[in-house]
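Got some structures for you, see below.
Two complexes are shown next, each including chain A; its partner changes from chain B in the first to chain C in the second.
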Partner chain A sequence: MERLLDLALSAILLAGLYATMAYGLGLIYGTLRVVNLAHGGVIMAGAYLGWTLHEGFGVDPYLTIPVVAVAAFGLGVLMYQLLVRRLPRGPAGGPASLLLLFGVWLVLRNIAYLIFTGNDQTIRTAYSSRSLAILGSHVSVNRLVVLGIAVVIAVAMHVLLKHTQLGRAIRAVAQNADSCTLVGIDVNRIYTLTFGIGSALAGVAGVLLATLFSFSPNAGASELLKSFVVVVLGGLGSVFGISVAALIVATAEVFAILILPSYLTTAVGFLLLVLVLILRPGGLFGYRVLS
Partner chain B sequence: MATNFRSSLVVLSLAALASVGACKPKAAKQEDRTEILIGATLPLTGAEARIGGFFKEGYELAFDEVNQAGGLEVGGKKLPVKLSLNDDTSTQATAVSLADKLINRDKVDFLLGTYSTSLVEAQSTVAEQNKVPYVNGGGAASEIYKRGYKYIFGALSPVELLGGTLMSWIDEQQQAGKLGKPAKIALLWENTAHGKDFRKGVSDFVAKSAGGYELVIDESFELNGKDFSALLGKVKAAGAEIFLADAHLPDYITLHRQYIDAGLCHKVVSYGARGSEKAAIEALGSENASYVLSGVWWSAQLADSLPLAKKFVDAFKAKFGGRSPEWFQALGYESARALFTAIKQAGSLDREAVRAKLATLKMESLLPGGTLEFPADKGNEVQNLFVVQQNLPNQNAPIIYPKDVAKVAGIAPNPRCASTPTPTPTP
Partner chain C sequence: MSLRPPPVIPRTAGIVFAAACVALGVVPVVLDLSAYAHNQLTFLFITIAGALAWNWMGGFVGQISFGHAAMFGIGAFVAGRVSLNLHLPVPLSWLAGAVVAGVFAIGAHPLLKLRGPYFSIATIGVGEAARVVFTYWEGFTGGSSGLSLPIDGDLKYQLYWWALGFAALVAAASVVIRRSSFGLKLLAIKADADAAADVGISAPFYQDLVFVLSGAVVGLSGALYASFQSFIEPADMFGFDRSIGFVLTAVIGGVGTALGPVLGAIVFVVVKLYLLDSHPELHLGLYGMLLILVILFEPLGLAGLFRRVVRRLRPARGGGS
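And then the complex of A and B:
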């Protein structure tokens, strides 16, 4: 029983991490229909910026989040305005956007190699190895914070999309960009802001990852893949779906240890992805256009 | 018409033959040579850039020493040695194509190896196909040396020996009554050739221990893992006394952080070759990394017991601003020195003659044990012992084993566990 409780807690904490990584990817795909392969690169860049502020200026890593979010937002806006905007909208721009954004990722990675070298870095604070006893299990303070931030982001996204003018415009553009143009919505502006917000979320995910794991310029690949699994499973463009899918993937991976060798447990998420694509191609929660 | 066609064919064939002859590399005669050209690639950029830089320092020191002494004596005259070093960017494909370029375009005489098992494994095939002696200090997995290759020589002892050396120290603690009998071991290993070798070293020792040890967890994990909490939950439930893992640096940091988070503590804790790195201690905090054991191929502390190690450490510090070398630089230096010794003994730049000398080489060394040889029955991979270090709260990691080079006696059981109870098995 104690072991099952341990595993359940691990799954919830891991879900927080997966959801944080996936929100940005889901938002950009849901609105622009662009799979942002630079997502991993922005996560890595966010980790390095958080680390630089922490190491260089002694700022607590969680207090660097607003700065990193603004910087990553700017990076996203630049990426959209300079590159993505020039691609054909919709499915016609699909393959080109994949190649383009993959290229951006490689550029970001190599810039990081030039500036920071390939050394592994970590963020360590006074509370890095502190844990709390919850129902007899030890739970890392950092992981609890990451879970809390994941919940805050989900709520903020919900409020933004449901209760603000910008959110309504984003949802409208996601449904039908051409009609939005007819009613006077500046689609290009909405796309720019969405790409910026998606990138800001990726940057925040980078800081959170850096508080938990060591990272190098190579970071971001496994995060991108995991985000992709969560987004597809949850239904492309669904914030609620992403949160639930993160919990499903994390639970499946964590509980798989009971029947599978450890090295196979990460494959469970990808197996789920294949099953969902075969049985329910729209994801578990269907395509909801950023509900 | 047919005659003309046949004549054309003959002319074309002769032209082709002539061109082949012209393209054949023209090796300068030994007496005309003005230098010995040795090729190498290292990961100077990319994921392994830091370690690649360390190996470069080792190579540079070895080349400087030989050239300052006037070069290597070959065929009655001294020739300087020149290193043609390329950046393989930490990728297999680049390492392979650069090795091919070094051999067939730059016409190097011999090759020194790159760093990391996967790169050495791929690159050594090019050397073998071209019959060029290839001496490396960066590939330890025994798989590399089990392919029947004749031209590869490895200065890194196999990781199997690392597992065995750690277990030998643990066995001494058990004999002294500091560990239970049988002692339960939780063994985690990365799912790579490196990890499999480590596992073999430990499990072979356990099998020979006649009931002295019991492997209660024997699990592999994926490289660059992010979440080990479920796996550590399994470790916690098994109630082991000894926790052994084989991991690369990022996984060591992630795994040990989560180990601490989970409130785990074992009487003996080791992450194979990892543990004493400054970067890891900074990332984990010395209070969390204390008493972790690590087995390394070489340590600067050997300077107190091996004259050659002292000479190397002094020369390294003089060249690199007083900085102390790690095992990476030592292995780079020693690989180059082994190749130079074989060239000198062969008295020739003939690749076959140098290969034969490498195969029978037995030289004084800065490695643990004090001698270096490439035993043919081990695929030309050295079999020197590892040295075991233990992190102390003062951030030092003195050698604790083998006894002849130990600085202090190792500490077991882990004093950290006094404040963290040893996990008891849960059903």
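And then the complex of A and C:
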């Protein structure tokens, strides 16, 4: 029983990270209908930037978040303006945008190799090993902070999308870009900002990831997959949906320890992805699924 | 109603192709190639076959797979196990590898209902799951210590012609598929699966068929590669970088064209030869850049570039495109 409670707690703590990873992918896909295959690469880049600021300048990893967010926002804007904007929209651009952003991921990976080598890195702070007792189980302070930040980001996303002019414009463009031009929304500007915001979220997720787990330039594939499962499960309409989906995915992963041998738990995320894609009928219709 | 796709490749190309195969067939005997060159060409043929088979799925049907390493690895390890444990002749073990890889591809049937990015990302999932499972299945793959496949020197030398014949067959099959009504159906599915269904082309059936064929051929190339290397390791054979390799060779060469992947494979092997040894840290980024340039400026890759050059050199024959 106590073990179950432990597992449930760690699932909740993990869900915050997963939700933060997924918002960016979902936002970009929902608005531009482009799956950002470079998502995992941006997460990895965010992790490295946070790590560099921490190691090189002694900044607390959580205080690097604003810097990383701005840098990743810039990267996203560049990716859109230089590359994605040049592709045809709609189904014709589908495979092209996948491959293009996949190329960006490879380049990001290679840059990280060149600068940081292929070694695993972790962010360690004075409070990394500290833990609090909650309901009789020990919870690492780091994980709590990550969950707290994830909640703040969720609330900020909700406010942005539902209660600001920009958010309304983003949602309008997601619904029908052509009509938006008619009412005077600069669709290209919205796309650019969306790509920037989505990348900024991925960068922040990278910092959160780096405070909990070790990472290397190879990181990104499983982050991309998990984000995608969460987005497919949760839909794009609401921050709430994505948060719930993140909790489901984290729970499935954490509780798999009970039934599967430990080495197979890494495969759970991948299997879950395939199952979700196959079983969720909406997934059968490709592009239309999340509209 | 007879619909004929426009001739993708001029008739003379058939003769050139046959001549090239014969020339490559006699080169080792006539020129007395070094063992090094002999091996690199063998590797090139295996790479060509794999890239062409990926292109059947990724180019002809338009379903980009990031998980072909699963079939590559399965072909390799099944072939290895069959020749090690059952002591069957090596060529038979290759065939076993191809069959099992094809059967595994049938298992992907539920995935094929997915289209576009959903399919692509699901294949990353399948590929990674296969990597994890096979890396830990030590009884079958040898785990992290891998599998050594004793291969006698004669066969290792003959592998050149096996691989050449294999690559030539797959290339011929690519052209035939591209120019047949079967290829047209695949094109229709690629353009719009729903509309294809309206005119009686069942996307699930044809995709299954192509995926099984593609998987079996990639499995066979994995099996040949296993004999070529005589040592295989699951983390490498099932690795994400292998899956990426298929995508890169085919797309840089010319996704969806009949023979573009051949060009892509040549570039891939040459880059591997000259860059991977001297600057191993650069090669992924270089491919990434190439991929970006191809998508932005020449979606048909090297094949498109080649076609453009040919057209410019022969303006008199222009007109029909």
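By our rule, the second predicted complex is superposed on the first by the 259 of 291 C-alpha atoms of A that agree within 3 Å, B and C clash if a C-alpha of one lies under 4 Å from a C-alpha of the other, contacts with A are read in each partner's own complex, and residues count from 1 in each chain.
In the analysis below, a contact is a pair of C-beta atoms (placed from the backbone, for glycine too) under 8 Å apart; a residue touches a chain by one contact, two chains touch by 3 or more.
Since we're looking at a predicted model, the values are computed, not measured.
In the superposition on chain A, A:83 makes contact with chain C only, not with chain B. In the superposition on chain A, A:111 contacts chain C only, with no contact to chain B. After overlaying the two complexes on the shared chain, residue contacts for A:183 are found with neither chain B nor chain C. In the superposition on chain A, A:257 makes contact with chain B only, not with chain C.
Shared-chain residue A:266: touches chain B and chain C both.
When the two structures are aligned on the shared chain, A:3 is found in touch with chain B, with no touch to chain C. Of the two partner chains placed by the overlay, only chain C lies in contact with A:278; chain B stays clear of it. When the shared chain is aligned, chain C comes close enough to touch A:100, but chain B does not. The interface of chain A with chain B overlaps its interface with chain C at residues 113, 222, 263, 266. The touching residues of chain A, when paired with chain B in their complex, are 2-3, 6-7, 10, 13-14, 17, 113, 117-120, 122, 124, 128-129, 131, 138-140, 143, 212-218, 222, 253-257, 261-263, 265-266.
By the touch rule above, chain B contacts chain A in their complex via residues 45-50, 90, 188, 191, 219-222, 224-227, 229-231, 233-234, 236-237, 249-250, 253-254, 257-258, 260-263, 279, 282-285, 288, 426.
Here chain A touches chain C in the complex through residues 29, 35, 37, 83, 86-87, 91, 94-96, 98-100, 102-107, 109-111, 113-114, 221-222, 224-225, 228, 232, 263-264, 266-267, 269-271, 273-274, 277-278, 283-287, 289, going by the rule given at the top. Listing the residues of chain C that touch chain A in their complex gives 62, 64, 66, 110-111, 113-118, 120-122, 124-126, 128-129, 132-133, 136, 192, 240, 244, 247, 251, 255, 281-282, 284-292, 295-296, 299.
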